[in-house]
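Chain IDs A, B, C and D follow the sequence of writing; residue 1 opens each chain.
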Amino acid sequence: MPTRSRPIYTDPDKRKSLDDLASLVADGAVIAVGGGLSSREPMALLRAILRRSITGLTVVGSAHGIDIDLLSAGGALTRSSESYVGFEQDFGMAPNYRRALESGAVKAEDSCCYTLVQQLRAAIQGLPFMPMRSVRGTSFPSLHPEYRKMVCPFTGEELLLVPAIEPDVALIHAQYGDARGNLVIQGPPVADLLFAKASRMVLATIEEIVPTSRLGELRGIHIPYFYVTAVSEVPMGAHPTACYPFYAYDRPHTELYYDAARKGADTFCAEYLDIFVHGAADHADYLAQIGGKATRARLASWSGGLEAWKQLYRDGAMA
Amino acid sequence: MEAALPRRGDGVTKTCSLGEMMITALSRTIEDGTLVFHGFGSPLVQLAMHVAKRTHAPRMVLVAGATYGIDPDPPFLAPTTNDWVMDRGASSALGIEELFDLAAAGRMGRMFLSGLQIDRWGNCNVTSLGFPELKMKLPGGGGGCNLSCDAAHLTLWTTAHRALEDAKGRRRFRLADDCDFITNLGHRTKDGKLRRDLGHRGNGPQWLVTELGLFDFDDDGHMRLNALYPDTSVEDVLMNTGFKPRLASQIEIIPPPERLVVEFIRRLDPLRVHEKEIRAEDMRRRFTIA
Amino acid sequence: MEAALPRRGDGVTKTCSLGEMMITALSRTIEDGTLVFHGFGSPLVQLAMHVAKRTHAPRMVLVAGATYGIDPDPPFLAPTTNDWVMDRGASSALGIEELFDLAAAGRMGRMFLSGLQIDRWGNCNVTSLGFPELKMKLPGGGGGCNLSCDAAHLTLWTTAHRALEDAKGRRRFRLADDCDFITNLGHRTKDGKLRRDLGHRGNGPQWLVTELGLFDFDDDGHMRLNALYPDTSVEDVLMNTGFKPRLASQIEIIPPPERLVVEFIRRLDPLRVHEKEIRAEDMRRRFTIA
Amino acid sequence: MPTRSRPIYTDPDKRKSLDDLASLVADGAVIAVGGGLSSREPMALLRAILRRSITGLTVVGSAHGIDIDLLSAGGALTRSSESYVGFEQDFGMAPNYRRALESGAVKAEDSCCYTLVQQLRAAIQGLPFMPMRSVRGTSFPSLHPEYRKMVCPFTGEELLLVPAIEPDVALIHAQYGDARGNLVIQGPPVADLLFAKASRMVLATIEEIVPTSRLGELRGIHIPYFYVTAVSEVPMGAHPTACYPFYAYDRPHTELYYDAARKGADTFCAEYLDIFVHGAADHADYLAQIGGKATRARLASWSGGLEAWKQLYRDGAMA
């Protein structure tokens, strides 16, 4: 229903627990997961969602990795409209995601980055669709019978019309924010700004909640508070993806994840899910299990100089 | 280790690897003064763009995939693309929407794409083997579909041209007779429609670099073998291609990189991230450089 | 001079001006918890929004016109809207496209609009007197046309309801029988089409504040006199309106502002920028405050 | 022609004289003037354009004032598609603009801010049009027979289609920039970013050209160099509009302008154009005529505190 009005959120104090944030995600919701690839994905919130056994989710997004792979393994998904889910050339294809899609447990409705952008833009502009020129001639329209074509009344050329995508919930991890819900994202925002504007709800975990006056001094992308439904301060909330300047990508932990995932669903359940998701009562427990302060210090060491940064990413670097 | 590499050509570096050959071949497809973009998971292309920027294309607008940083100068290649390592030194950064708008408005000169199936028209499949009945889910093409239509020119590449036998003795061709799914558009659609009749911005695939050779696309939009490596043959190419590629009237030998280029690549990629793209059996190949 | 004003109500301030009455009446049309926007050239509305934010609507999202600053806290009203004075203290700022997108997506609760002609359906003309033959070019409506369609609710205002005789003895009605050009959409189009049949996001004009009275719009979308000032009459309104406005079953008296509100307005507008909107003959009007 | 490809500009040194910038504006061009109302309008460049007697220009834009009024007086315009041209409640309607439109010398094709945004967005996205919902029911379609309507294939509702606007030239005044053409705009960007992306050429005057490394440290909107055709360092280039943090709006000079304009075309020519535009050989001459360093110091005094800032805007403040 792209033409519904979207709400705004004006509560001056939107702070909630991580679990309360997860509880706002309904079974069957269409969710947009912020960040991308190995960077600033709202991993703690996704783990909280899995702990609540939320099911039937549809994910829409651009280029993702461990976030969507984990949701696939945890049984939360029924439909994927991502443009990419994988671990790049570093580890390869996403094992849990592949299994879920190949078994039919999750329906594959792959999309492409710009198509997604245009569909989010339609929602942001309160329009039922956006026109675009690309995609025609590829196989994507056969995956998306909802697309339409039109003949342009100005030029006579054929255009593709893609319907608005208005996610029920955007899940975003930001470096900084305040209690009112203003967010500051540093570094590549990926599609987070589009998600925040297009979605009916925005749930944000925040590395560090600071006074509003402090936000004004920070560089980066500012997301105004009225888009944001609820926030929770969750340090290391993107782990094992990066959340610079706080911490780099935890490649050894990701390798551990990947090795477990490659061995099959049961092994992954036993060696990863039952330990780091269901085996951890909450985020504090998770942080203890991944190595507590030592891990945090290791991942923060990138700022010590190029050699330290490089060291984090060497093959065989220790977790 | 990389710190031991000479910073200037002093004659120590006498050979290069297949990866370095491919990076060089990819970089030569870039014109100066154009806006060029690479996607994620493409270290060979990342390196090729940096090589071009520092050699024959100083005025290219280098847009880094995932970070969308403009003309970054990363201190080293990180194993993943959306790492803050990768946009150090960028003069500014684009948003995801702006990058794709640039292509849609005809401002992107070149994009690099690949596929787990690539057909004779340059169509690529990164979505699934088997369609609509899914046999193997592939990771997906990111924005490749859109950019394959919109970018002015495409360079394709693959490091898995050679069709190896799997456990059951079957050979699956990377350069396939037919793509199960067209993720990225080449010169003809599945039902034989010509790209040029679709009114897209882009002119489609212009080059394909594989570990066996260099291809262009003829006036029909058909793949054509253009050059070989010093250690590959036309027969290698024919045996490992799921269709019959056309052959240029004269097949050249891909020239090796200059020594300074090789040294630059090694400095920029001390973690040897790009070797993740190269198959084990191709790691042994060495080429004499100038 | 403004520095001498008491910062707290100590009984010194006993009367207020017409401008202050209108600001207060405008502020009362704002609901808490909604996103509200003012355009440029509207100091009465700027002040009304700041009054509302500091009284009954602390959770309103105050978007300042021209700067698009969110919840600014300007030290004083500047004579022009797009001055850095006006977005001091804003927690962030929108781009022009984002502001209008918010309205188009149904997220803007209220916008304030005016016109040099305003008809019984709340249509406003800020484009030209005479159309298509242009007799007098008006400055144009900025984004008013778009927001009149998209914003959930509209408050209209004018400080020139009274129809004075011009040099040639003609009276030109601000509240006119017909708009020469519809810049901002009211409840019915020129050809009698109902707004609600056009499928717009917004519900159209809800209030009109003039220097003679306060109007709402009835179920037909027709302008209806709702309240008067202590010093104006129904006859004043009828004599100065180019059509016959409907009359509410009971005509109220517009309540004056509280003293603290008056003092706040005077502190926020030490340069008396808002008085530029008030006609000389209305500057003399005074109203007793509570 | 909305579907043409737009060029990019990669010259590493794009610095030119102000007059060379003006020379790139062709007679009959569609131009987009940056800034708005009393803020950051490229006034020096507009004066240079008038000195070159460029004619037949069409202007597209949102809320403007002295910039478009001056172009109207100088005989450069034949068509206006602005959404507002005036001096707000402060001085009132734009005298030269009104005269030019009422006499028929300039054709009035008024538009609205969001309509303009959508039309620029179409150009930016390489599309022939953008859909929108508003405008229908107002009188604007009678001014713009080029608009089309469509029935939405997704919802059945009626939508308006507005064609792409691709200005030939965007004229922008930025606070900071480098020789390569990177621009940094501080404070409200108005439509400048949209103009920069949608136009075939961008000509930028810059208050202070700095090394590229310095730009990275500056907050604000960054316009990447490849959109920008040529730049010129022009201190006080927005005068008499504001260019914070360098200088505030010169209200007394604007009053002088307005008083001359109100008296009629001939008086305006004698009392303003012949002195400040055609009477000044170049920008340096203009700066001398408006009071040189003393004026600059007066307008920079806003940063001295609120009382100083307020003082600049009092009625009767001295120029």
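One rule holds for everything that comes next: a contact is a pair of C-beta atoms (placed from the backbone, for glycine too) under 8 Å apart; a residue touches a chain by one contact, two chains touch by 3 or more.
As the structure is a computational prediction, the values presented were derived from the model and not from experiment.
> So which has more C-beta pairs touching, A-C or C-D?
It is C-D, judged by the count of C-beta pairs in contact.
> Would you mind checking which chain's C-alpha centre is most distant from the centre of chain C?
Measuring from the centre of chain C, the most distant chain centre belongs to B.
> Between chain C and chain D, what is the separation of their C-alpha centroids in Å?
Those two chain centres are 28 Å apart.
> Calculate how many whole Å lie between the centre of chain A and the centre of chain C, each centre taken as the average of the chain's C-alpha atoms.
Inter-chain centre distance comes to 43 Å.
> How many angstrom lie between the centres of chain A and chain D, each centre taken as the mean Cα position?
Those two chain centres are 40 Å apart.
> With centres defined as the mean C-alpha position, give me the chain B-chain C separation in Å.
Comparing mean C-alpha positions, chain C is 60 Å from chain B.
> Where in chain D do residues touch two or more other chains at once?
Touching at least two other chains: 125-127, 132-133, 157.
> Where does chain C touch two or more other chains at once, residue-wise?
Only 104, 150, 201 qualify.
> Taking all chains into account, which pairs touch?
In this structure, the chains touch in these pairs: A-B, A-C, A-D, B-D, C-D.
> Which residues of chain A touch chain D once you look at their complex with the stated criterion?
It is residues 2-3, 125-133, 148, 150, 152-155, 157, 159, 161, 163, 219 of chain A that touch chain D.
> What does chain B use to touch chain A in their complex?
So the residues of chain B touching chain A come out as 40-43, 66-69, 75-76, 78-85, 87, 93, 95-97, 100, 103-104, 127-128, 131-132, 134-150, 179, 181-185, 189-190, 193, 195, 198-201, 270-271, 273, 276-277.
> What residues of chain C sit close enough to touch chain A in their complex?
Touch residues, chain C against chain A: 33-35, 58-61, 70, 91-92, 94, 98, 101, 104-107, 150, 152, 201.
> What part of chain A is in contact with chain B in the complex they form?
36-39, 62-63, 82-90, 93-94, 97-98, 101-102, 108, 110, 112-115, 117, 121, 132-140, 142, 157-158, 187-191, 193-194, 242, 244-245, 248-249, 251, 306, 309-310, 313-315
> Which residues, counting only chain A, touch chain C once they are in their complex?
Chain A reaches chain C through residues 4-8, 10-12, 123-127, 180, 182, 197, 212, 215-216, 222-226.
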